[in-house]
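Below is the structure I would like to discuss, written out as structure tokens.
Letters A, B, C and D mark the chains in the order given here, with residues in each chain numbered from 1 onward.
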Amino acid sequence: MSGIKVGVLGSQGKVGQAIVAAVENADDLTYTVGVDKGDSLEFFTDTETQVVVDFTHPDVVMDNLKFLIANGIHAVVGTTGFTEERLDIVRGWLSENPGVGVLIAPNFAIGAVLSMRFAAQAAKYYESVEVIELHHPHKADAPSGTAYRTAELIGRARAEAGVGRSPDATTEELDGARGAVVDDVRVHSVRLAGLVAHQEVLLGTAGETLTIRHDSLDRASFAPGVLLGVRSMAGRPGLTIGLEELMDL
Amino acid sequence: MSGIKVGVLGSQGKVGQAIVAAVENADDLTYTVGVDKGDSLEFFTDTETQVVVDFTHPDVVMDNLKFLIANGIHAVVGTTGFTEERLDIVRGWLSENPGVGVLIAPNFAIGAVLSMRFAAQAAKYYESVEVIELHHPHKADAPSGTAYRTAELIGRARAEAGVGRSPDATTEELDGARGAVVDDVRVHSVRLAGLVAHQEVLLGTAGETLTIRHDSLDRASFAPGVLLGVRSMAGRPGLTIGLEELMDL
Amino acid sequence: MSGIKVGVLGSQGKVGQAIVAAVENADDLTYTVGVDKGDSLEFFTDTETQVVVDFTHPDVVMDNLKFLIANGIHAVVGTTGFTEERLDIVRGWLSENPGVGVLIAPNFAIGAVLSMRFAAQAAKYYESVEVIELHHPHKADAPSGTAYRTAELIGRARAEAGVGRSPDATTEELDGARGAVVDDVRVHSVRLAGLVAHQEVLLGTAGETLTIRHDSLDRASFAPGVLLGVRSMAGRPGLTIGLEELMDL
Amino acid sequence: MSGIKVGVLGSQGKVGQAIVAAVENADDLTYTVGVDKGDSLEFFTDTETQVVVDFTHPDVVMDNLKFLIANGIHAVVGTTGFTEERLDIVRGWLSENPGVGVLIAPNFAIGAVLSMRFAAQAAKYYESVEVIELHHPHKADAPSGTAYRTAELIGRARAEAGVGRSPDATTEELDGARGAVVDDVRVHSVRLAGLVAHQEVLLGTAGETLTIRHDSLDRASFAPGVLLGVRSMAGRPGLTIGLEELMDL
């Protein structure tokens, strides 16, 4: 048994189970213990756990973090619900325990993070940009949160660079054909049986196009991002927000 | 010099020039003469032309056809504006000259014809189907005529087979995100600098998807369809409507 | 309880379980019983099963079919290993029980069947055709059996139509760059973590391309094809080979 | 008339004509004069040209640069054949004229430059990576120079990060199916009528894939990159190698 000692909060949920499996499969990591509803957080101190992954619930995540930081345990957090107020509280705890690193990220799929970054970087070099997101037909919202966020990042990059709106000579449109508009970027949502979660950013200028496509085929797709967080936190004290901060881009 | 003798009406237009070039490049065809505004149709009889390609104008195409049919010359017609009334007139002329073959087709791009056919055939075997068409940003209408027609063919095939609407759990939609609706089929229109004319039909059911994509990169894409018409007409007397009738599908 | 009564041979295997679930989810079908190693085939006659699905093993499938046909039960068979000799034996049994229908098919993924059919139909209308198949990196053979079969069908269609080899001016090739050759068709095999089973047939001629892509994202993708077989067999006595025979193409 | 004054060397060639047109279409640039074989380079000084674009020939490019640098004119160079020795000579001239900026780039298609950069950045976060390049069938070399270069950049990024070879369980391969190998990266070359110049980098890890695709549909695709160079050189004295240096990546 060697390597970084990793524990998991919410280890019996779907996501938690996948993380436990990923940790157990990694040669440089050792799984210590899972803590679920009703279990004591002291399981982590008892097992000398160094990093804890938290995919739990907004109701309990703050108590979890308070305990972990106070005990010198690094944290990788995928739980949602972090307002600026909450982040400030976490920063306060960390200032009292300056050796501890905490990563809070809304999206652990490396491909989604890379897609957004690349799209934003490329956006100002192209006349036109549109986003197509494609999901299974059980999804309630259109466009997806990731597509919405991607369009915002593209829109902001173009506004900062002073690039105008994508050209569009449409004068006769059947209602909805040209998609939704987010920050001057057209976004199209496809819902199709057999799909999982997919997104394409299309960029075009005279004579050429660039397409950045991300396909997420199963839930395991967040695991590599979580492991990147686990491996990085010991060497990165303080609060880190967003997986992209750990990537060399 | 050998092979089928082919003449071209409107030989100096963009499309006409491309057809002349395609005929000249084909080993089994011989280009005889082009007839443009102001030229006499008798150039075709003088040169013993066997098949004439007509990409002209609704105002003159009927006079052209009357002459060609009366003189025993087959015709391949891409000119638009054929109402049922006009088609009946052509049928009348053909009944008096039963050896002559005339092809009238709205679309000579083989890939567009195949895409529509395949999409319609596959449509009833899938739970879901959507259409994405992608064009240059100078296009005035959205969706494209081809996408509209494709959706109609898909919708009709599904209705005939008693297949229901594609499943869709969307409850929160940013206006336009889910595209336009044509015969219960969602159609999305992308307009992007650098593109020409492209279309994807996406079909999906449990665990699998089928995508039929057609990319038309330049105007030459109608040439193979025109040549297929030219080669077929001598052996196909009477009126043929639509390139698909000549294809072995 | 109503609808066609369906039993499953090999009901506890991975594929069998998926078929049982698909039958149970279909309104017009009723699941009767599963028969696994050690169980009696008479479970099917006891439960008045009308159609049995067999995804078992070449060693036992002939005994299964003999029993089913003798008892007037239709069969849908995905088990492999059917030589011409074996097919003749099945035909013999069926001639003695002329009301029984048996479907034997190597591939039940509707999308794979459609892809092959469409590729073969389109092949003669295009100058060029190539196949790219993309699979998970645990696959032992390259190209996949489906890609090999697809290339054979394309090659045969082109040979019958007298279409020559796809043009290729390559004079300097890094070994392997241009892929494998199956019946004059280039086939490329991609192996990538994160993929499942995918195939693209690319067809091209002057100014346009047609792409037929099939994505199979999970094992459930054979279920719709099996159900199509189950629903068709009562009305289709005798031996049917290949799912495409049941499809209206 | 206002804006940066731009001249073109080789203004009557295919590429030169496209550059002249692009300059004339840009509001912030003014086209001064073209210099072709037999013309005097003094046309540029006579017209107070500020930046000259050179897409000529290795035989004449050094004389062109010597003149331009000596006369305080910035240069954007797409001509090939720059060895380290030649670059050193250019650096020498520039050290004597420290206000002058020269850009020498092997590839002015922004999408190609971005594709390579993004592929190299993403390469170390994925278990697997392969490259597919697709071109018209008149191309002599396979893989393309861009695909070869892309694979090298990916291979180098993975080697530096200590990422191992992409997993591959292939044990039975039809010769060539798995493509060519460049720096441990598989590269596949498709040649298809109807295509122009296209490239896909596929990256995959557990449950997800990222695809970066570049489509170059006509020769105009280098124009935006050339204009980016023209606009940047006045503010960037000295030698710049590669368009990516001007991009904010």
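Keep in mind that, in the parts below, a residue touches a chain if its C-beta (ideal position, glycine included) is under 8 Å from a C-beta of that chain, and two chains touch if they have at least 3 such contacts.
Because the structure is predicted, anything quoted here is derived from the model rather than measured.
Seen from the C-alpha centroid of chain D, the farthest chain centroid is that of C.
Chain A and chain B have centres, each the mean of its CA atoms, that are 46 Å apart. In this assembly, the C-alpha centroid of chain B lies 33 Å from the C-alpha centroid of chain C.
Each chain gets a centre from the mean of its Cα atoms; for chain B and chain D, those two points are 39 Å apart.
Residues of chain D in contact with at least two other chains: 126, 194-195, 203, 205-209, 215, 217, 221. Chain contact topology: the protein chains form a complete graph, every chain touching every other one.
Looking at the complex, you find that chain A touches chain C at residues 194-196, 215, 217, 221.
Of all the residues in chain A, the ones that touch chain D in their complex are 22, 109-111, 114-115, 118, 121-122, 124-126, 203, 205-221, 223-224, 228, 247-249. By the touch criterion stated above, chain C contacts chain D in their complex at residues 126-130, 132, 134, 137-143, 148, 166-182, 186-195, 202-209.
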